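Each structure below appears as structure tokens.
What follows is chain A paired twice: with chain B in the first complex and chain C in the second.
Moving on to the complex of A and B:
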């Protein structure tokens, strides 16, 4: 059944919020175009090893959402695509979308022969540079679409072209060009998500200077079976399986010099990551330095479960300084402990910074006349038929992002089909 | 319809190099397909065109594609499911990517899969959708802000809504508030309550019908045709019974539903369940002074005082100069509420502001465990920190006592400065928490029975006394065999998939919204009402097209019951995770197709094998097992069949393939919609055929279950407890059958799991039925 353009919703961002808006809207009877910047859908949650509080894998829910997309002809999606311009008004927005070349077309079967022959390596951004991929690569095992992509910043192009020769299916097109096209949509939802706050900006916490200081998102990749260490928690300096890890909360969050808000998820994320460590290495010890332990609502039970582990210590105190012991590579963490009122220094084999969530629109604004709140968060209701959803609007956990995005889906339905 | 089989074998992606394709064709040829073709690139336009041409030219309508995983190229091999049966045989990920090339055993595996795939297709038929003109009105139970929002949003989307509110007025608890917590960026100050405007909008909306002072006394039926009976609240009569006594006397283990002298019945399509919350019973908090000391009140009481503009000491009406807020009063406490109510820190900050406004000289102390103002609520916290009259102290209450002048001394351990501190206050405010109204009056969340809220009674049976849970009627009064209310996960909250799919419940077409679902503030509750309304709309739309809702959204199959062979064992009606089936007096299942989520748990439960889907049935798997060419012990031992969940285990096998993990050649995998569909008949079929072992791989179960159908793998596991009987009859060891729980991302564990099971079967030895 053909659906008129005014009955189409455009969703910008294919993370958990955008996916949710897209599938929930489409299952209520409209057409959806989903636009994602990365070469795959799934966004940040695809990089997580497990969710709190159930400690279940994000792939599990993604699998269902991808199936909902696969079986629903009302949803069209574009990866490596970004919005370039928006004009028009409610019921008739014209959105210009720019799609970067993937250099791999729909003939790709993901057989992997190209990857074997490719001579060029690149830092793997999916794993925060902790390992490499070839210049032609499959982003990860659950990548949707299941299709290779070429990083044109490192690929030597036609002067190499070994992959083109080896691909039996004619799937590689090194001449592929950027495409620009227009989507007509009655309603537009921005679910542009977040980036981890740049930890190198937090001088005193040593990231980038002290080798064994990593971020919480890096810890997710270390723990994941498809991560750079195949799920073993090894520290960067010497690949040693770590025995003692400090988690430093509010790294750049609740801090006027960095992000003045609380990112809402980091306490629980660190508690969750402490369970990764404990599960993978029964002898290990974790210490969590915090200001307040924010485990609201039902999450409290998860916190209590984590607190019951004798090898996980909670210290209320702000970390002042992080330094490297050059001989051992260990990390010395100095904090103001509230209970004793004293300055303490403890030694750890690795430190995980609980860096916060920065809306992607904090540093780079989107095209069009969109309205922003403090810190670059998008205003939830922009204009008639234009909305923002999920972490684009405020820091949220996955459950609340899905809740918010489902609630946004009805706004879209109202705009597109509403009893007018 | 006549089945015209076409088999298409792709030789691309290494399949052709690793396998003897001619022999694969021979295996397929045995089934006399009308068309049998190989292609080196079947997912190409040209390859797909070949299939399309055969559909038109040869009349092929049973399409078996032996190529890659069914999880890829779905859009390429897309043929109308109402006309064609399509079966994807996974030769790539599950065979050539995990087995050594050009190996005899790899070849056997591939040939087995071809036979299994063809047999699977041959035992399927395209579904016949049940479409109907259904009612699409949305019923909203509860007229608080979550319910009002749900009704209004549904109306704006073009749907009629009916609100049924038990009490005399709309607006719920929020209407009694002076202000609500910050509701919009920058989230730094409380906001005026606009609930009166919301009520006016709802009441003047011609699409919304409002019943106040009205109680839902029964709901029967299914999505698209729920028949709802309501009753003026004052005319509801509830028969009070002592259920233990009733059962002892031989009465039914069932609470009676409420009755009504002037009922009214109407039909709706889906339901939003928004009955809200109530404060935890502070009389249980005597240690904190409530009930014992006049000037100790709860946060709900203070809110009402503030709304009425009389913030005074209850004991003598004097002005309040010092107020102490005690956070987590009976919360984060295993004796009371084990959870956090998530709003109380901010509520106390808001109420501290009331104190300050009531008297500029007044001061407010907030004694907290952790200041929980997550996300942008941090802005509000900072705002209040700047107020010199608000003192925030991390501490633990040690004692609360009444002084002679009526004031209250609060002694607490000061976690910031150390030691004890004492504050003398005119008023102590207990930040008591929220409990869902799913919790029956007089009960506390920690005292609830598991899964269904109810009472455990002891029934006398022929084999002795048996404990049975009798679910209590609370608000929905569903005429469902499994009980009148929604199951709960913990503490009364009717969730089923907390993280990824927060609106899912275990009663199809009924969506919980607001603080009944988990503690949340007014703004969140309104958002939640909107989300639940969307789910309700989706449900009526998909249902009217004969399609399943989440997680098999779009599935058009239905279970079919051959009732003439039913023995009234009731397993299907008990085990259905969604309470789909009712029972007649004899115990024969009564179908409610639109409640069904198509997981097949009923099919797996049925010992008579009378529950089947057109494209997923008992005979299908039995036939597949019959088609296995069980090798001799010398050829391949052990020979193992695996039933695997297609949602998590199947993708895990795919990912093992993508990583080119080498897996043992001994396993033949049969995918199930959910492990809950696993019927014990298949185990005896497999073992009597000479298969050495049967492994089931499904999702993790328990408190943090990962099953999309809630209980599938758990049900399969429970059934395995009964498999002993079957195996005894066959004189076989029960260790030949095992269940493994696997998360989707644990594909790295597959080699270990398969090898472990294989070693176990090796120790037992070959199946003596081999070769018979």
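Moving on to the complex of A and C:
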């Protein structure tokens, strides 16, 4: 039985929130069109090594959702696609979607022959530039869809075409063009998520200038087995196994010069990452510099567990100066230790900046008549059947984002299938 | 419990800080960024984080004894990097203003001069004195002939008004500074590594080059402006002393001829003051990406100094142009600003000089001074 357009939900964003809305609403009997701008689904969660507080691998939960998508013919998803325009009104929204060419079709088996022959390299954005991929690349080892993609900003195209020659499956089509199409939907959900705040904007914390200063999301990639170091925590300057790390909390957060709000997750993320370090490099020490520690509710037990490790030190006082020791590549971190009232400068082999979550809608607004709060998060949207979910609405951990998305799925179901 | 401490917040004091330009004091959430980005804050007990919470809690007595609020050169790196817009630089400025008043002798003088709304009163006092003296002695008319200011306002009268009042102000200032110094030592004095004399001389020598200002990052332009004003005053002070010598010892009548090197120094001093104060004002109005607001107290002083320089230069220029009807009134107006500057100095922003000198001296004595 065909599902009428008015029973279709369009979900913008294929991260954990969008995936949740998509599968929950489709399983209740609606049709879902999922639009994702990356060449893979899974969003930021796909880049994480472990979840707090259970320290289990996030990909496990994503795979369950991918399977629910694969099994459900009511869900259509588009990667490398973005919403261009929204018109229409309640019950009958017309959404224009633009899909960039992938140059690789569904015949791809991810055998990897193309990648071997490709002569062009590019920084790997999935790993925050800490390694490179070829111009034709698999977004990451476990990507869904498991299909290569060509970065057309660096690919030499027809004049090279070596990948086309070696592909036994006829999967590469260098003539693929951008597509624009319209989706009719009775409900639209924005699950547009977040980007890590650009740490180069925090000039006193040295990111981009001091080599061994990285961000918390980079730390996730360093620790991940499919990351640039295959899960070993090695510092960027010389590949040395790191024995001392400073975590700098509120790097650009709760700061009117940067992000004016608390991202809610960075304290726990740093505590979690301190456990990565302690587990992988048993001789190592971690120091967490903080203003206030936020570990609400059930997370307090996790904090206590981390605090019990005598090789993890907590210092109250925000780091405000970071310098490089050019001889060793070590990082000199200065803070006022509030408890003792002394300015301290300590040496670390690496520094992790706990940068916050910047809503993707902070700098670039979405098409359509939407409302934003002062920090760029989406407000509850006024038009009937239009919703925002997950971190698009406020900073959330994965667990809370899924809860929020499930709640939004109910609203979509009510809109499309009645039952209000 | 040994660490127990009973706070008795002075609510009026907190309101005072907020009214004096520290309106954002309560925004501070004690992250301690400020003391680290401050280029001159010491390693041990850095400022201004602790001053911010002390101000929030109304700990007036502890702050009155602080060397740190005077050691602060208002570079404003703290306010630039403050994540909450708490403007610690301006809060310390507000504290300095309040303490100039708090330490002033007599108190009512501090209350008048530190209150921008009473500037009119502060200026009216000398004007009335001048008019009364000139009226009683029958000088309240524009003299004929070549323009010589002492024909209108005899030097003796000027001296009879100024010398005792400046003397009294000087004594009052010394009493105020002594009170500050004793409080400072009582609360912060520990073991000294240097004696007062050596530390004080080192401080004065440092003032000559304005060394600490060179460490400012966010607000580095201030050094030039402050130096020009400083040396403008130094030059004019020297010339004023010389004039007394010129009149009495050499027995000559002012004005000093344009060919005299002392006149060159006087004119250079006036221009340095004018240029310096214009730069101060330009700096205050220029957007530098620092979250700061000048208080009424700051503005009042800057404008008074600007008018002092302008009326001083006009007094000379109009005299040389020979416009009698303008020259004498201009001289009177100029004297009014001179009075404000040199009689009120223990109560105006100029008073910071002594407090800052003592604070830096104390820093040097305790070995906390940054090189």
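The working rule: the second predicted complex is superposed on the first by the 417 of 420 C-alpha atoms of A that agree within 3 Å, B and C clash if a C-alpha of one lies under 4 Å from a C-alpha of the other, contacts with A are read in each partner's own complex, and residues count from 1 in each chain.
As a convention for this text, a contact is a pair of C-beta atoms (placed from the backbone, for glycine too) under 8 Å apart; a residue touches a chain by one contact, two chains touch by 3 or more.
Treat the numbers as computed from the prediction; the structure is a model and nothing was measured.
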Chain B versus chain C as contact partner of A:377, first or second or both or neither: first
Which of chain B and chain C A:318 touches, first, second, both or neither: second
First (chain B), second (chain C), both or neither touched by A:211: neither
Of chain C and chain B, partner touching more chain A residues: B
First, second, both or neither for A:341, with chain B first and chain C second: both
Which of chain B and chain C A:250 touches, first, second, both or neither: second
Touched partner set for A:293, first chain B, second chain C, both or neither: first
Contacts of A:418 with chain B and chain C, given as first, second, both or neither: first
Touching partner for A:240 - first (chain B), second (chain C), both, neither: neither
Doubly contacted chain A residues - partners chain C and chain B: 254, 292, 338, 341
Chain A contact footprint on chain C (complex, rising order): 29-37, 41-46, 49-50, 81, 83-85
Partner chain A, residues of chain B touching it in the complex: 12-14, 40-41, 43-44, 68, 71-75, 153-159, 185-187, 207, 332, 338-342, 370-379, 382, 394, 415-418, 490-491, 493, 498-503, 518-520, 524, 527-528, 530-531, 533-535, 537-538, 541-542, 549-551, 553-554, 647-648, 651, 655, 658-659, 699-700, 704, 706, 708, 743-748
Touching residues (chain side chain A, partner chain B) in the complex: 16, 23-24, 27-29, 49, 51, 53-61, 63-65, 67-68, 70-72, 107, 109-112, 138, 141-142, 146, 168-169, 224-226, 230-231, 254, 260-264, 292-301, 304, 316, 338-339, 341, 373-374, 377, 379, 394-396, 398-400, 402-404, 406-407, 409-411, 413-414, 417-420
Chain C partner contacts - residues on chain A that touch it in the complex: 204, 250, 254-258, 291-292, 317-321, 334-336, 338, 341-343
